[in-house]
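Below are two complexes that have subunit A in common, paired first with subunit B and then with subunit C.
Now for the complex of A and B:
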């Protein structure tokens, strides 16, 4: 029987953000900031909110989505909702 | 932003012939000349300064060009729009979609709204059944994508649900009642944006025409053809469509039946190789980025499967 693959929340988030912001997976790191990603514009904020809801089941409020300035902020906001990002 | 007033053909005939020119798409020029006493303007650049009313008769592209050029070059000119077919809803929308080298440019603003709209059912006499059905598909794409858009609020979704109910009661074909429904769908989508169907149509329209010049490729055909696979993808990717359809009492099986009748598998298959080549552009299109479900790079394979299914 093949061993089940457990996808961590960090991997889920990386997979999501690569698609939301159309970035090269090799260039992804947790310290990326909004100003470093050209597609993290007003439409990017909308896509991010849709993607987070589909992936983690949490709907960012408009204020939360706008206040996020980097990937670590996304993690912090989700951890505050009980979603763990421990490795 | 209020909708432009709607008048009838009799009103148009009260305009003094010397003060207005008509700018009409080729397919309706003969009919327009037969019915109206105004001169024809070959292009916008040929409108003399003494002319104070421009009557633009045509499809979405021509109406959007007229809206844009009037706003930018002759803001004092009165603009009357007469759609030659429904679907684009351009006559009721503050949005303009312009063909530019390398793709579409989208602009929006109240300055793009016309002063008056005329619905002229007589222009539909020469519209083929296929073109009429695709124009219905364009209207359906506006309504459904606006309904699912993450930018749509509760009130707008309620209005769209009522509109969708009215659309379900009309046949998919040549019926002038589609004019007003299409205008409402377009006005609503201008408030909420659209989704992947429009992203695909905006990116593929030009390459499809270049690759298959013998076929009638246009915005309406692409919207109509891809609406079923994209809605199926939305349903697979997210529970949102079904949940919202229930919440707003939309007859979901009836909508799927309409989408099935609009679907053109041969058109989707012919366009799919171009979709593969242009997929990154589609993902970057502003319309795709406001799709109801998040569109991800891997979804191209899913669309291929759904087109084949």
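Now for the complex of A and C:
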């Protein structure tokens, strides 16, 4: 029997960001900053917030979404709500 | 009053003979596709609104446009014959000995550009069942002898898919109208038809059918529709809407709102938006329905579709939809289903060449797209297809 593949939260976040910002999966790393992603615009923020809610069940407030400066901020905000990103 | 006879096109020699006979008679006739048979009772019902002067020396074609609502355009036979002669000169058609028909002759483009042209200039007309029977069409193309072929834009990709690496040297003129001009596929088309001069023929049903002409090689821009055909005048209105005068266009139209005469000096819109270039060529910005504002930014869908067609060789369609904020947007349809790599390449092209507001709300794939009888994608029907697959979406 094939072993079930567990998708980690990091992988889920990566898939989401690739989908929302159309970044190349090879460009993804945890230290990516907002200013490094040209498609991280105002509509991108809305799209990201919806995507996070769909994927992790947490809804960013408008202030939280605007204050995010990079991927590590997203992880920190979600970990503060009990969503683990430990490998 | 003389009755307006309704002729049904059946893509047969008998049907052609009936058409030929009625063109020679003075009595006005309406010409409809057999697949539009539901129009026959409608025509019988509304034809009482056609005044007597239009019941002789005219002909009527049915158009539905993007709304799906039927409209009868009424042209004067003499004017359309004159246009056929003008086109013959402008398109350098003298060496052409025959024309191969792939579109329904009830489509005004094929009707004037091919059937009437062949009648007026005395050239051979070869009927085919079009792309619905590719093997028969292939045979006609193999036997082509200095032939002219008239297609609509979406058929370019289908031809390549059907005939692959085969070449048809007997086709010496290739004309495109209806929908976006397949500029990106010119190289492949030239391989299929190595001896063909390719033209962009722009017009509309109300123009019966032609407004402009461009040799494909005169521009690298798909939206370049060239210069007006002799006698035609174009201008753009306050909102870039195309307005035209033409001695060949329809002289009246009849729809559910009633009969409307069109005065010769009346500038007529056709629902497209344009701008005039510096070199006398006109550029298509899109249909009124294809140019809209999204989050304050103007979107011209033909520009986005140009990017798509540079990355995607299959068929493309779209339908309009609003996002959850009530802002106008559109859904992109691709057929057949693209692979992951193709989709990724397309998305990267959208990302690098267009702001997010230009991106589709969703990308959907389908095994095939519904086509209208004139060879264009039926976007209204596509919206209702059940076998669509969601490939990507914006979360808005």
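Basically, the second predicted complex is superposed on the first by the 87 of 87 C-alpha atoms of A that agree within 3 Å, B and C clash if a C-alpha of one lies under 4 Å from a C-alpha of the other, contacts with A are read in each partner's own complex, and residues count from 1 in each chain.
The working rule: contacts are C-beta pairs under 8 Å (C-beta built on N, C-alpha and C of every residue); 3 or more make two chains touch, one makes a residue touch a chain.
This structure is a prediction, so every number in the text was calculated from the model and none was measured.
Once the two complexes are overlaid through subunit A, subunit B and subunit C clash, as defined at the top of the document. Touch criterion not met for A:61: it reaches neither subunit B nor subunit C. Using the contact criterion defined above for the overlaid structures, shared-chain residue A:84 touches neither subunit B nor subunit C, since it reaches no partner. In the superposition on chain A, A:8 makes contact with neither subunit B nor subunit C. Shared-chain residue A:47: touches subunit B and subunit C both. In the superposed pair of complexes, A:69 makes contact with neither subunit B nor subunit C. Judged by the touch definition given at the top, the superposed model places A:39 against both subunit B and subunit C. In the superposed model, A:22 lies in contact with both subunit B and subunit C. None of the stretches 79-87, 97-105 or 169-177 of subunit B clash with subunit C in the superposition except 97-105.
The contact surfaces that subunit B and subunit C form on subunit A in the two complexes overlap at residues 19-20, 22, 39, 43-44, 46-47, 50-51, 54. Interface of subunit A with subunit C (complex): residues 19-20, 22, 24, 39, 41, 43-44, 46-48, 50-51, 54.
Those residues of subunit C that touch subunit A in the complex are listed here as 295, 347-348, 350-351, 355-357, 392, 394-396.
Residues 150-151, 237-238, 280, 283-284, 286, 289-294, 296-298 of subunit B are the ones that touch subunit A when the two sit in their complex.
Of all the residues in subunit A, the ones that touch subunit B in their complex are 16, 18-20, 22, 39, 43-44, 46-47, 49-51, 54.
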